[in-house]
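Each chain gets a letter, A, B and C, in the order it is written, and its residues are counted from 1.
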Amino acid sequence: MGFSVLIRTEFLKLRRSRTVTVGVVSLLAFVLLVLWGFHSYAAQRLGGVSIFGTSSGEPGYFNGLLFALYSLYFAFNFIMPVVIAVVAGAQISGEASAGTLRAILSRPVDRTSLLLSKFAVTAMYAWMVITGFVIFNLVLGFALVGWGDLALYPGPLGLVEEPGSIPLRDALGRFALATLSGTWSLMTLAAIAFFLSVVTRSPVVSVTGAILAYMVLTVVGRVEFFTEIKSHFFTTDMDFWRIVFKPEIPWREIAYGASRCGVYIFTLLLVSAVLFERKDITT
Amino acid sequence: MGREGRTIKIVLLLGIIAALGGVRTFRPLGAVLALAPAIDLEGEGRTIRVLTWNVGEAYGGGDSRAKDSSLERVAQVIEMERPDVVTLQELAGRQQLGSLLRRLGGGYEGFLEESGDTDRHTAVLARGSKVEFRALETSTGRGASAAIFLLARSQLRICAVSAHADAWDPESRRQYARELVDWGRRQDFDVVFLAGDFNFASGSEGQADSLFSQNQATDTAAYAYVTEHFRDLGRDGGETALLGRRIDYVFSRGGSVKVKRVAVLKGQRAGRMDHNPLVVDVLIPKPMILTRR
Amino acid sequence: MSAESLLVTESLTKRFGGRCVVDGVSLEVNRGDVFGFLGPNGAGKSTTMRMILGLVRASSGTIRVAGIDVGRDRRAALAKVGAVVEGPAFYDHLSGWENLEIFTALGGGATRARMEEALEIVGLRGREGDPVDVYSTGMRQRLGIAQALLPHPEIILLDEPGNGLDPRGSLEIRALIRQLSTDHGLTIFLSSHLLHEVEQLCDRVAILDRGHLLYQGSVAGLLTRASYLRVVVESPAAAGRFLEGFEGVQVLYEETGSLTLRLSGVDPAWVNARLVEKGFRVQELRQVRESLENIFLRLTGGEREAAA
């Protein structure tokens, strides 16, 4: 039996799963929240002028692209990792606690193939979620706020030292690139959640474990005291995804960040595969 | 373990090796990746509060220098406002500074300049880090006190000068102001505050008789010279001393500092004092702090 | 091991952190058997089944399914096995049909017609579109059996199929299992802690207690082994003392007017002849069969006997 069959069945399981529904709904709700904030902030900055419905007018700083970028950035800080970790962290432990794992493994399947197909599906799921999220934001941003070049200012994103901008066509390409770098970045967290789901019996433990590790290191990494040691945090490596939005694409730095994430991902998967191969399924 | 499983494990192992190779190969040269930026604890920037106060008394009642009995009030106002820098004028001597610092309980470091040939002295109090003090002398025979310190959690060097120009002689005032301004310009500070009682009778206030107008002309020139190189931050505060006079100033130089608040604290005078304290809050914008890192 | 044996374990042992849960169990299930694996809760039945399915690694011993060593080539061995381990588990948010699709895909897939046939056999036809969420315990058990049937296995492993079912439900499941054996020629290995379930379904049994195999053989053999001779005689105490002197006679107990014996290698007529020779007046000789329930309780009640 091929790998593709495993992938198909894993997708079948994800379809209509409650975790996925909750994840998608919370992402949509999050976009609306960001939209509200963006709108009210822009209104305050522009002296009460609404940014909505200006698609025909001047392409300004507050445009759909900027909205999408901020929305994506803030989603990546918290909600996106959670949405991915709940799926990744439940992959093995969730099935173990539900008892379906013993049913699957009573069939003639290769354990390592099963594990990898689950991870591959998690990755595809992450890519689809991110891509859907980006498209939704861009469409919403364009429809409600309008077009324009992507303006970058020195600010929380830390992308530029001096104000710069990315032309509209270029910027759309950057968003496409960000879906890939973002997926790879999130796979680091997914691999951690995955590993925990192999070594624990309860999905609650593996999911919260991964989310806590992410949150603690993210928050701590933002505090100045940890400036010196934060380069050892996996969360710092994960942050590479967004440098695709620098005015000049820093390919070398992207390759570096992706490689560092790759070390985590491949190592955790290999260790998970070896452990899973020898694991007694007693649930 | 099946063949499939072994193949996958070998692929994963190759993945680890490739990723480690990537880390080695693509390690950014020079500039470190600015990933996961620290949350900005500075907000928009850093605020510095400067309080200047001539704590002496009105002329006509004997010794017009600060009374020991006023020091309690001075300490109270400083406690209340918690300024980063306090510039005081017309202190009678070191004992008064010592007594004031004691009342403030060690929160401030202070300095009183005694080099000039007058019986009243300027003093400066500061609560920055690495504070140094300097006595400034001028050719007019009057001196000034300077405090130099680092703005907390930054590398910005700030200097604050407590000045007191002659009350009677406009030429002396002009010379005094000019020399302090020139001193401030020569130094390599990020921000210089020049604060104190300059006794300028400039502007619209005062009578238009010929004697006064000559004085006014001199003071106007002096003021013009100061503001050519410094900004007058207290402009919106209004009168600072009795009889509607605005004679206490906070000037600043260096950087694009913003004034966030100017206040003349009325009703804080003790005894026969004739000046009110002037408080100015200035914002040192973040870009300025950051570029100094 | 005969050519007929489909599932064979040899000295199968499992230790969980030093505690021996299954201890040297050697089973032999022949093609066409309905084999009952009997034992109280915690005896190690599920653990044994998990080892057969490769879910749990044996600490020592071997398992062969149709001659294929599970430890060496798990996938080839499992291709011949259909199983429902403990309670059947499904993806509850998906329909019965989708669940069947998922599980059969893992074994190489099945045609639509085959899936419909399996549903027909277990009597779930028409309910396959409902989410498993709404299935009753009996329906879940039957869907589990359908899942086990799909890949045309040679042997089906059922772990406590009657668990959690009401009397009617367990009756139906028993009928289904019998049908699988008779109509579809399947070999069935089922575990149970309920004697009557095994008694009604199985032709061969193994009894497991605290990881030890106490008996393996036909149900009939178990009953013969457990047959006694009741002797109604005038002075049972003296008769008992006399008979104890003979090889192959064990006095189990005396009551007023009667004596209960267990015989091995001697027959009742011989006993009668000895008693009459000695002048005891034998009024009645009766072969008594202990109920299976009693045998089971006696076997698993601490009194250890070597496996037959």
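FYI, contacts are C-beta pairs under 8 Å (C-beta built on N, C-alpha and C of every residue); 3 or more make two chains touch, one makes a residue touch a chain.
Note that this is a predicted model, so its numbers are computed, not measured.
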Request  = May I ask you to sort the chain touch graph into line, ring, star, complete or other?
outcome  = line
Message = Suppose every chain is reduced to the average of its Cα atoms; which one is closest to the average of all protein Cα atoms?
response = A
Query = Between chain A and chain C, what is the gap in Å from one C-alpha centre to the other?
reply = 52
Note = dist(centroid_CA(chain A), centroid_CA(chain B)) in Å evaluates to 47
Query = Approximately how many whole Å separate the CA-defined centres of chain B and chain C?
reply = 93
Note = Contacts with two or more other chains occur in chain C at residues 75
Ask   = Touching two or more other chains, which residues of chain A qualify?
value = 110
Task = Please set out, as single numbers or ranges, the residues of chain B touching at least two other chains.
result = 2
Inquiry  = Touching residues of chain A toward chain C in the complex: what are they?
reply    = 1, 5-6, 8-9, 12-13, 15-18, 98-100, 102-110, 278, 280-282
Touching residues (chain side chain B, partner chain A) in the complex = 1-2, 4-6, 8-9, 12-13, 15-16, 18-23, 25-28, 32-41, 287
Inquiry  = If we count contacts the way the header does, which residues on chain A are in touch with chain B in the complex?
reply    = 3, 110-113, 116, 154, 156-158, 218, 221-224, 227, 230-231, 233, 235-237, 239-240, 243, 252-253, 255-263, 265-267, 269-270, 273-274, 277
Key: Complex interface listing, chain C residues touching chain A   = 47, 50, 53-57, 74-79, 81, 83, 85-94, 98, 101-103, 105-109, 147, 151
